[in-house]
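Following: one structure in structure tokens, then a few remarks.
Here the chain labels run A, B, C and D in written order, and each chain numbers its own residues starting at 1.
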Amino acid sequence: MTSTTIIQHILTGISLGGAYALIAIGYTLVYGILLLINFAHSDIFMMAGYFMVFAMAVMPWPIAIPLVIAVTIFLGVVIEKAAYKPLRAAPRMSIMISSIGVSYLLQNLATYLFSALPKGYPTISPLKRVFQIGSVSASLVTFLTPVLTLILVFILMYLINHTKLGMAMRAVSKDYDTAKLMGIKINQIISVTFVIGSAMAAIGSILYFTDRMSVTPFSGTLPGLKCFVAAVLGGIGSVPGAVLGGFIIGISETFLTAMGYSTYSDAFTFLLLILILIFRPTGLIGETVTDKV
Amino acid sequence: MKKFLAILLISVLMLSVLSGCAATGNAAGGNVIKIGVFEPVTGENGGGGFQEVLGMRYANSKVNTVDIGGKTYTVELVEVDNKSDKTEAVTAAQSLMSSKVSVVLGSYGSGVSIAAGEIFKENKVAAIGASCTNPQVTLGNDFYFRVCFLDPFQGTVMANYAMESGAKTAAVVTQLGDDYSSGLGNFFLKAFEEKGGTIVAQEQYQTNQTDFKAILTNIKAANPDIIFAPSSIATAPLMIKQARELGITAPIAAGDTWENTSIIDNAGADAEGVTLSTFFDENDTSNVIAADFVKGFKEYLKANPDSLSKNGGEGVAAVSALGYDAYMVALEAIKAAGSTDTAKIRDALAKVSYAGVTGAVTFDENGDANKDMAYIKTIKDGKFQFLKTVKVG
Amino acid sequence: MDNSASTVLALRDVTMQFGGVVAVDNLSLEVRRGEIVALIGPNGAGKTTVFNVVTGVYAPTNGQVSFGNQVIAKNSPQGKMQKLYAGQNKGVYKGSVQPTPDQITKKGIARTFQNIRLFKNMTVFENVLIAKHMNMKAGFFAAVFRLNAKEEKNMRAESLALLDMLGLADLKDEIANNLPYGKQRRLEIARALATKPELLLLDEPAAGMNPQETEALTDFIHQIKNDFNLTILMIEHHMNLVMDISDRIYVIDFGELIATGTPEEVQNNPAVIAAYLGVDE
Amino acid sequence: MLRSMTKKSTTLLNLTAVVVLVTLLYLLEINKNSFGMAVSILQKSVILSIVAVSMNLLNGFTGLFSLGQAGFMAIGAYITAIFSISSDTIDSVYYTSGLAPWLMSFKLGLDVFPSAIRILFGLLLGGVVAGLFAALIGIPVLRLKSDYLAIATLGFSEIIRAILSSPQMDQITNGSYGLKNIPGFAIESDFLPVGTGSLLVPFAIAALCITFMVMLIKSSYGRAFMAIREDGVAAEAMGINLLKHKELSFIVSSFMTAIAGGLLAMFMRSIDARTFQISMTYDILLIVVIGGLGSITGSILSAFLVTASKEWWLRFFDQPLITGGITIPLFRTGFRMVVFSVLLMVVVLFFRRGLMGNREFSWSALLSWPKRMPKAKKGANKRG
């Protein structure tokens, strides 16, 4: 491999990792608070892709982007209210099944409404401008993704660590019942979590699909699973962990594919999951939690 | 001991079957012969499958009766969607069998055809594939025929074309788990190497993969003269665009599936220069039957706005032509058999000779059409344009 | 402590530290055969943590627990804990014994839980029957193919007899969750007894009971102690019950032992009074 | 009368039911030409009912959430396929790379046995291999919270799929080309009518598998599984070794799932890795949830109902519906699956107990059902 090729791969990997990181944040926040693997998150991400397709058909991108983010947030919150909130008192497995059900529903609904054929993702022209540095060539979005990811994460970290809302979120995530007793409006916090998660998914979706240019009803499934693994890898519940995990998976996936093991690139992600579960179930930067008896 | 509730269910099932039979019995009151249409309308091959169905529907609208033993039968198309999925394919095929179709047309996509082949064979119903090009479809199955050429042929055609256009090195990109893509890729690879070319990169990707940057970066490093990337329509525009984005300038070539306007729509300017082999060219006026078909089909499309939009405009896809041919061949066989008996139709099919839109159709001992010519097309100015025909002895 | 031959349970220098929080601090205690010993202390003193260490739910950070002549748990600060460790006697106990709770139960220690943990959707009978599973001799396939019909029959008979003794026989087909609170407490004890323990750990058996019920419980505990030849260690807040029933009492606060002795001795111990009432310093 | 149904009359009823069922199935299968759809739906249903019951054993009875069904089925399907494809046609199946010589000679060695034995061998081997994989994954993952099992098994199922279709496996699994020429269920014999066995064989195998699981659930081990589901901490305090029992449940469930996978291969006659995608696991979850987590009867019933509706009765949802010349806009391709996903959500949110809750079938409940609905529920609840 020449150095140009390696640099090109690294660039691809980091860019993919950035998009993964943004999606992984949604998983990690929801898991931190509800202890729920939100299987529907990957489909929220996919739906955001479709929203963009339709939004860009009638309006320019500067209006479309905020609108798509808003609609995606709305979808995320509606899903929470309709499918998870009624099951707060139910066994955890019920909520998990419910989230799988929502995922199944969104996929089938998308197939029904938009057909299973891939829809071309609209081109946001400034993002697609191709830059040539030496013999490395990539579009702006490739460079922008990791940078934007880091900026968003810093904003989010500030929000979590230095605002009252963030404190409430941390409290709920640490001890759900006590936080409730302390008068924290749990439902409100959960809604906020879904708002943040969905917004990140929407931004991630724009970056991801701009790079990949097509959306199908199943576009979300595999990236979604990988991002959950990323969240576990970094330490579920931890935002920096999710970002770290996202980058690790994005880069390793790119290199595996590049080395001709594309068959195993997905498999590797899950192997990574099983390894981390064996050796460090709390993730790379997660905290140990002891169950109360 | 819990299984006995199943009895109840079976009784219900039985009743449904009986009522179902009764219902179809009534409908069949006149002289009706049913032809099954076994195609994907959804799933990754939904687009191409639908175009093939359109060809069949058009054929049916043109000729919807057939004379069997002096009696005129109305031809009824029974359409099922195999969803481009092998599991679905089996049940979909089964449902055709229970609708008592006399012959089956389809399917787009070799995988589903292979899967359903066993069912057709078991029920002794002949099937005529329109565009399934994998050798496995008809091999070892006396009931499967097809009106198109095969992948070894297509692979050779493209290898020939590549050599003729001056390529010495090639990269092959195939989809894992896809009979069509990996089959065709392999045949191209063999043919290209036999003719003295060098394969400099061989890359694979997975179903539903949308990011090809990693494998394309490798290809860029290998710097081939041509990239051969047979795939589904879904994958094509992504691969084309990402390749161009990475600064790959080598021409990209593929097989028959790429002849679909959605590729041009989605890949835009990047699609320029893509070449592919296909079964048919609508601008080839040398064949009168074809010219007639093109005219009639376009009118048919205009009369059905929904079909028109799903077809992606007024272009006539090769698979539509093949669908048309498959239908006509079936009618020929039914006429020749002089019976609605499926086994007799099968025997008649083996001997059928028909001058179709995509050329003359006769079947060899495997049930494959004896075709020796393919059309090479290229995308230019946002349209598929005929480049040349290639014959392989 | 004298007469160690008859010691059933002995904790030596047990420290349990979670992160930086020391929940149990260098605690040593002993329970002798046939005794009823109470472990008391204000809320959050670390009583249940002691139970969890004894029953294998937690591995102690440092110290050792022995049951009869056997060391059932032992540990010294490991890994990250080596730096963090804030307790005493670091490095005294070599090696590490970390059994899982089921192994402890098999050795003869049974427990109940502070917040009742019954198998809620199963019947009373099944709740008790499950405790017999661990002693089953039949292997997996033998059990599935009913080659152990006799054993299964015995298990059922024993469980039924137990329910009968504890006055739950007429409720045997009730779903556990549908029982009144007091009966649920009783069922939890029955279930623990079904494992045929030598030592029974009761975690706040009288929690949520009114005075009459508490009094009945006093008799009940005496009854099972005699009938099943038990040694009992219990955590309790109802002082009447504790004073009535205990042979000896251990008082802990902030994880540390602050007093021990007979009920009278403990009652008059100023440190205990201070811990319970709070003292200005 | 009904309440005090004797053991004798229950046995009699059971016996009658078996005879009636066998006769019905036999009549259906030898008239396969007229009842093709019914036969194929019944085959698929009964195969899925094995998977549903084994998923229920894990999810409903042990409280472990595994989403690896598709992966385990793939293992069973491929192994069964490799051993059941006749050695004569193997070259046409592995037309690109050929079958690995060691595997071929092993297969040829097995050819001394009749095909039924070879198929059975394949089914069992598939089960054993799946069980081994389950044991391996289980050791690290079953110690952790149940969610990790879900995601790890989901991942495992993807790994299996990737490995099966990888070019490195060309000589064993035929890589991306899949396997075909897999024999069906029908017993080929000059003495039996054509089609014999196409239903009885899968039904018999399913009966064996499901009976095994029912007996397991009713054994002491089954009670231990349920105790773990109810409260893991308390179960452990009752001397139940959590890891061992979770592993047992996971292994049995995976074994049975693989058997069902093998049967599915025989049903489909040709398989490839794409058959076993995540959506397949979701379809099975749909069956289990609709049937009721914790009810074997529910899973079986739901396997038949869901399959029949999905593949047959509700197909019209996907066809354009024209009444009185007006095309009703909702009805088009894909609508059927939307209906099913909505149904799943409705069950999850409003009828969390599904069709059967945790009740099981019993004759007395069935016979008294029309008269005393509410009581029937109680009567059906437990049986010994």
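Everything that follows uses one rule, which is that a residue touches a chain if its C-beta (ideal position, glycine included) is under 8 Å from a C-beta of that chain, and two chains touch if they have at least 3 such contacts.
As the structure is a prediction and not an experimental result, all values here were calculated from the model.
Colleague: Looking at C-D and B-D, which pair shares more C-beta contacts?
Modeller: Between the chain pairs C-D and B-D, B-D carries more contacts.
Colleague: State the chain with the largest centre-to-centre distance from chain B, centres being mean CA positions.
Modeller: That would be chain C.
Colleague: In whole angstrom, how far does the Cα centroid of chain C sit from the Cα centroid of chain D?
Modeller: Going by mean C-alpha positions, chain C sits 44 Å from chain D.
Colleague: CA centre of chain A versus CA centre of chain D: separation in Å?
Modeller: A distance of 33 Å separates the two centres.
Colleague: For chain C, write out the residues touching at least two other chains, lowest number first.
Modeller: Residues 57, 113 of chain C touch two or more partner chains.
Colleague: Note the residues in chain D that touch 2 or more other chains, in rising order.
Modeller: 162, 165-167, 233, 333-334
Colleague: Tell me, which residues of chain A touch at least two other chains?
Modeller: As it turns out, chain A has residues touching two or more other chains at 111, 115-116, 221-222, 263, 266, 293.
Colleague: Across the complex, what residues on chain D touch chain A?
Modeller: By the definition above, chain D touches chain A via 59, 63, 65, 137, 140-141, 144, 146-148, 150-152, 154-156, 158-159, 162-163, 165-168, 233, 278-279, 282, 285-286, 289, 293, 332-335, 337-338, 340-342, 344-345, 348-349, 352.
Colleague: Residues of chain A touching chain D in their complex?
Modeller: Contact set of chain A toward chain D: 35, 37, 82-83, 86-87, 90, 92-94, 96-98, 100-105, 107-109, 111-112, 115-116, 221-222, 225, 228-229, 232, 263-264, 266-267, 269-271, 273-274, 277-278, 281, 293.
Colleague: In their complex, what parts of chain D are in touch with chain C?
Modeller: Per the stated touch rule, the residues are 212, 215-216, 219-221, 223-224, 226-227, 230-231, 233-242, 248, 358, 382.
Colleague: Which residues of chain B touch chain A in their complex?
Modeller: 42-44, 46-47, 83-84, 176, 203-206, 208-211, 213-215, 217-218, 220-221, 233-234, 237-238, 241-242, 245-247, 262, 265-266, 268
Colleague: Show which residues of chain B lie in contact with chain D when the two form their complex.
Modeller: Answer in residue numbers: 1-7, 9-11, 13-14, 16-17, 20-21, 41-42, 81, 85-87, 90-91, 94-95, 97-98, 111, 114-115, 117-119, 122-123, 135-136, 139-140, 174-179, 181-183, 186, 204, 206-207.
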